[in-house]
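Common to both upcoming complexes is subunit A, partnered first by subunit B, then by subunit C.
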Partner chain A sequence: MKKFLLLTIFLFINVMILAGCWNYKEIEKLTIVAGVAIDKGENNPFRVTVEIVQISGGKETKATSKLLTMEGKTIFDAVRNAISLTGKKLYWSHTKLVIISKDIAENGILRVIDWYNRDAETRSDVYLLISKEKTAREILEGKGVTDEIKSFEIADTLKNEKSLSKAPTTELWKFINDLESPGISNVVPTVNISTSENISTPQVMGLAIFKKATLIGFLNGRESKSVLFVKDELKGGLILDGVQVNNSQPVSLEIFKSKTKMEPIVKANHNIEFNVNINTTVSLEEIPTSMNLTDEIKLKKLTSRTEEVIKKRVGDCIKKVQSKYGVDIFGFGENLRENNPRIWNQIGNNWDDKFKELKVNVKVKVKIKGSGIFSQSIKMGD
Partner chain B sequence: MRKEQISDKEAMFVLIIYYIGSSFILGVGGEAKNDAWISVILGVVMAVPVILIYARLLSLFPEKDLFDILDWAFGKWIGKLFALVYIWYSFHLGALVIRNFGEFTNTIAIPETPMIVPMLCIGIICTVAVTSGIEVIGRISAAVLPILIIIVSTVSLMAIPKMYFHFLKPILGNGFLPIIKGGFSVFSFPFAESVLLMGVFSSLKTNKSPYRVYLLGTVIAGLLILMITFRNITVLGSTYSKFYFPAHIAVSMVSLGDFLQRIELAVAVDFVFGVFIKTSICLLVTCKGIAKLLRLNDYRSIVIQVALLMVYFSYTLYDSIMEMAGWAFKVYAYYAFPFQVIFPIILFVTVEIKVRRGKKKLQTGVGTDG
Partner chain C sequence: MIRKKNILDQNKNNTVEEDHILVKSLEANIEMFKNLFRDDEMLIIRKFQNKYLPTAKCCLIYLAGMVNNDLLNENVIQPILQNNLSEEIQTNHLLEELQYKIIVSNNVEMVNRFDELVATVISGDTILLLEGNDNALMISSKGWPSRSIDEPESAKVVRGPREGFTESIVTNLTLIRRKINTPDLKLKFREIGERTHTKVCICYLEGLALEEILAELEKRLDAIKIDAILDSGYIQELIRDAPFSPYETVGYSERPDVIAGKLLEGRIAVVVDGSPFVLTVPFVLAESFQSDEDYYNNFIFASFNRLLRMVGVFVATGLPAVYLAIVTFHQEMLPTPLLISISSARQGVPFPSAFALFFMLLVFDIIREAATRMPTPIGQAVNIVGTLVLGQAIVEAKIVSAPVIIITAISGIMKLLSPTALGSVIVLRLFFLLLASVLGIYGYIFGMILATLHLMNVRSFGVPFMLGLSSVKNHNGQDIWIRSPWWSMTLRPKIIGARNLVRHSMKKTPGSKPK
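Then we have the complex of A and B:
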């Protein structure tokens, strides 16, 4: 009996001391952050806008979004200042993205992302975006089309980017990882506001080029696709402009599979050339004119034209980046470091200078594997 | 008093959990960066000769533990001095492990809770386990290790979509020196820490089994640690060595679809088990040593005191987590070297000489003493 009593007391004490710990948080007491936009403040270095998810109960639970802006000397300062506005601490586990404005990025974003990467409450697998508008806040001010919460919608856009391929996806940890590697420069997707039917919605398109942690330029959606081609990050999307049949509308080719192999060729005197071999499988998805699809010669023509288009576009893109920006966003240096560390150790320093003069041979191989579910092009009856 | 005995299987399980306990969460071989997995292999290879020495010592003296052997080899006074040294080492190691656990919970989960609270909780559980004896610890290990392995392998399998295998390249890109450094740190943490299990494995059944237990345990734990290191590198890349708790971060990246994510707690559970077993072993060895030193009838009478001291000691050990990381990765390997290699070798040589000189002395010595 005495033992039983002791045990009961012991258990009871345990219930008292172990049930709730210091950091106990109720869900209603949390302010869930969906996305962050970081701008230059008026009086302070930073102005942080967070999109907050508000869950209202009732018959149907609805999630609506609200914006909250605060300023601070550092990011964390601004974030903590939120308490003075909401009375609650912000909760970061569900945050999907961080949008950074142009003028902040042009001065280096290391001081912006360090807190986000370091703090234990935030997660480093958020998407990083650069706003092409004047401020990053505007993006979150737009209206979502399918989702009430813009941040979640943009995150979905990035997730489905693999069948559009007009922007890369960059997660914060990957950005930092590449920042530390000497042979690659970062690219970050850009987001702008697109207005249709008086509703302005965020649109993800194109990419921003970084030299170390500083923004130095932009590429548009089409060039982004070329970058993705070289980096072997292309998983889908279309090829159209330029591939024309009989000088009419272009043919739409959908990319099903694409594999890019990058190989360094070491010549005498440590001269480096790169071969970029692109292997793409596509399918004819839209043929505006009549064309005999079983005609092998025509198909071959189409194939070779597509190959040329891709080759030209990728080559142009590489040349543009080499001459205009001079940073290796394709990861040639990284490839060399990984596959040939001996050579890299000899010529690796000042890689960006060497990248400007780098000779890149692009080879493209296209395979057309099908034409949708329709075997012929549509023929008008005479 | 009844003689406590554990089976080979249980002993091996204790050893494996002891190895993987804190190395799972702290990560090993950070010096070698993306070649850390080579360092793990190197560390195991380096550990094998030392482990053979431990096993040889144990198999020479069945049913005797480290402190008995020290006493027998060096005589009353020097033996006691060595015993004191090992008591200190196991006490300190236990405190370090508790502190790792405290820092982990404090950094990752509950930053506002005073660190002493989770540390004290672990201390209490370990006290209970040690008071129950090695048999109970062995049986807990046998029950828990399969679960640990299942959790860890499932989580690692789920991490495959997030792996970038080119992070492993360039292999040997920084030359051999960082790998050897990393291998040395893997050797001292966790593999050669198994020197303390000499204080426990007196409970093994036969004198052949120390070899089997030590070697097989080391190989299995080595494979597990290799797997985890491999996963961490391929998921995190070159920043791998910059995290305090790389495993936790790597696992937090895992998500299967939209429904299975944020599974880092599963790993935290592993860690708690590992810390529990490792601290229990350290506590047990410390208490056994003190009991032998002071000629107590039973070590159980001092478990609570030593455990409390250990927790308080670990609380005062460092000021911050930066200090902990600095100690764990820069100083510890050198600090632990004498306990792990030099003293065992001295002991081994002394014992071998004594044994060769007269086998009879050994038998009488072993038979009557202690």
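Then we have the complex of A and C:
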């Protein structure tokens, strides 16, 4: 019995020492990092700017942000230099985004993301963004519109991006995942500053194309939507310009549901074609002219017009990427690898070359589901 | 050794030798009583004589306050005093004649052993001595003030019977008997307590209660060698399983309907004189979450209430520990806005979260304990101190952060959902909090594992303590996590009701469907 008791106590102590979480720290002592911006430094390779959440007590909770800039030879060097400024270690668990400047991205971002992915205190579910401005720091400067803390505001923007669909959302783990898998190249949303009435706010729009870990080009917001169409990542957003009734102003169509099927067709001599079938359900949300919505012929016309517009845009976008950048950001290669690994093993090595000459047939099917909560457009009395 | 022997001798001092019997002389007999009850001025010795028959010299002996005076006056003293005994009865068997023809009482017995007579007097009955007889009559005359049958304070209900047990064992047994009108209801008496001679009654339904459990209960009751039993709590602690566990392994209730319900499931009740709390064995954990009102209300509503109670116990024990673990070890688990608001509330608070939680939980229990003992008007003052001074001022003074108060309050309210589990909740809560303050969430989980291991290990009279909680299959789970409707509960609970499993044979849903 005595032996048993001793053994139990021994095991208990072992369990405490070996498995416990040994870092009791009070919540108000944390320096919470909301977002990071990474630029080239003046004297050092990196200049890291972190947005810190400053919490003040009292009856009302007030959280304001403060920027902290430090330089270092590596990212981790810069981050650790923060201790000399704040006196505390930075707390990374609630960081929402990492903004990387164009300069850094053009030289490859592997050096940047490696620490972030490797360190135990950081999380890899942060959003990755590329700054289109001169520095990434600018994005975090100034005040937010809805949220005092800019990083949180941008993170919210990215979360709600699904009903706008003008930029993809890329989390760090996804970036690394796609980086490691052959047959797909990464896209990262871009952020720029839009100034109106002397208030400059960050705007997430468009995407940056990566070849491996190096930035090679940008696409604008409309093209981004086409990319999302092909990648089957479209969850919402509008289709408008180009879709016209009787050559007048455009109507707004809101995307309810969109499903894209990509299917490789292997022909002789390992010639490969891709069929991209887009099935979209939309709804009429805004009609500037009076139009009888119950008229089937008119609706059919509108439907086929919309199909054409989407087909043209997606086709153009694919062609542009093929000719200008030559990297498969749509994941055709990945699709082929999954569906037909035998062929992939034979031609996968020089997929980028193959991609440049890949023939893609885009088929679009649009279904107009409804017209908001009214069936008629506004009738003007005489 | 010598001292112990002395104490034992002293204990013997006042007891009566068993073979001691009465003598023929009335005065000598009275003297014996006077001797035994010396210095007890409550002993009343009333001598009187029939005016027609001078040989009928009688004497009543009883204890003041323990007897019904009207009954003695009208039914014993008056008939003997005023009837013409010399004509009406045969004077050569005077005592028998008195017993059979004169005394108007429902229970009169003839006894000659002195120790029996003494016990009779002590228990509140009266003895009648007659000159020239070495026998005496025991006249049933118990009557002392007792509390009326009220609604019990400890278990109030909105729906259901409002009567509660009192301190009188006879009343209590009557209350049970009134619920279960069958000769199968068996009541076995015994006396426990070498000085108090407290009456204890084992109460069960023959053919329902398991004989093994009954035998075990009797064995445990017989093993009790204690000088006094003042409440059923004594017995509860003396017969329980797992004596060191914070969990109760013997059930108790102040309500006859609850006890009747448990008897009908095959459990055995122990009624103790002087206590309004009746014990039931075996007791399983699930019973802590059952309330008698569950069975009277709509079963859907009752099931919801029962789930609330279970969640209540779970949250009350775990919430402070989980809060502490997350706030001090795993801040990454908090949603960012919550992190900011907690962090803001803690700005300027000098004490660590762990200390604040321990402190506040302690304060809550201090207020609870103080309010329980205080008379109602002062109890309200305690409440004001608790809510205003401690709740509000302590936050404004930045000694404790507001979230800690919220956590304490939630945990404090939740634990009151199941009053029977209160003791174990309070102990386990502090234990979990201690573990969480050292090991974080891992410590809490570790504590939960330990508690579960312990619970799985405990048995109450051979019945697993966690009976029914691990399964929702068959009839097992019908009355554990939810309360099934009566028409579907055709079987009694497993193991406890195994002797006679079928409760009823109603299989159909009541009511008629419209055609």
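Criterion: the second predicted complex is superposed on the first by the 358 of 382 C-alpha atoms of A that agree within 3 Å, B and C clash if a C-alpha of one lies under 4 Å from a C-alpha of the other, contacts with A are read in each partner's own complex, and residues count from 1 in each chain.
Note that a residue touches a chain if its C-beta (ideal position, glycine included) is under 8 Å from a C-beta of that chain, and two chains touch if they have at least 3 such contacts.
No experiment lies behind these values; they were computed from the predicted model shown.
Colleague: For A:341, decide between first (touching subunit B), second (touching subunit C), both and neither.
Modeller: Once the two structures are laid over each other on A, A:341 reaches subunit B alone.
Colleague: Identify which of subunit B and subunit C touches the larger number of residues of subunit A.
Modeller: The larger set of subunit A residues in touch belongs to C.
Colleague: With both complexes overlaid on chain A, does A:181 touch subunit B (first), subunit C (second), both or neither?
Modeller: first
Colleague: Just checking: does A:28 make contact with subunit B only, subunit C only, both, or neither of them? Give me first, second, both or neither.
Modeller: second
Colleague: Of the partners subunit B and subunit C, which touch A:15 in the superposed model: first, second, both, neither?
Modeller: A:15: touches subunit C, not subunit B.
Colleague: Could you say whether A:123 touches subunit B, subunit C, both of them, or neither, answering first, second, both or neither?
Modeller: Once the two structures are laid over each other on A, A:123 reaches both partners.
Colleague: Is A:152 touching anything from subunit B or subunit C once the two structures are fitted on A? First, second, both or neither.
Modeller: second
Colleague: What is the contact status of A:173 with respect to subunit B (first) and subunit C (second): first, second, both, or neither?
Modeller: first
Colleague: Is A:93 in contact with subunit B, with subunit C, with both, or with neither (first, second, both, neither)?
Modeller: Both subunit B and subunit C are touched by A:93.
Colleague: I'd like to check the shared interface: which positions of subunit A are touched by both subunit B and subunit C across the two complexes?
Modeller: After superposing on chain A, subunit A residues 21, 23, 93, 123 contact both subunit B and subunit C.
Colleague: Can you list the subunit C residues touching subunit A in their complex?
Modeller: 327-332, 336, 339-349, 352-354, 398, 437-443, 446
Colleague: In their complex, what parts of subunit A are in touch with subunit B?
Modeller: Against subunit B, the touching part of subunit A is residues 18, 21-23, 93, 120, 123-125, 173, 176-177, 180-181, 337-341, 344.
Colleague: Of all residues in subunit B, which touch subunit A in the complex?
Modeller: 107-114, 117, 121, 166, 169-170, 172-173, 236-239, 249, 252-253, 262
Colleague: Residues of subunit A touching subunit C in their complex?
Modeller: By the definition above, subunit A touches subunit C via 15-16, 19-21, 23-28, 30, 32, 53, 55-58, 61-63, 91, 93-94, 96, 123, 152.
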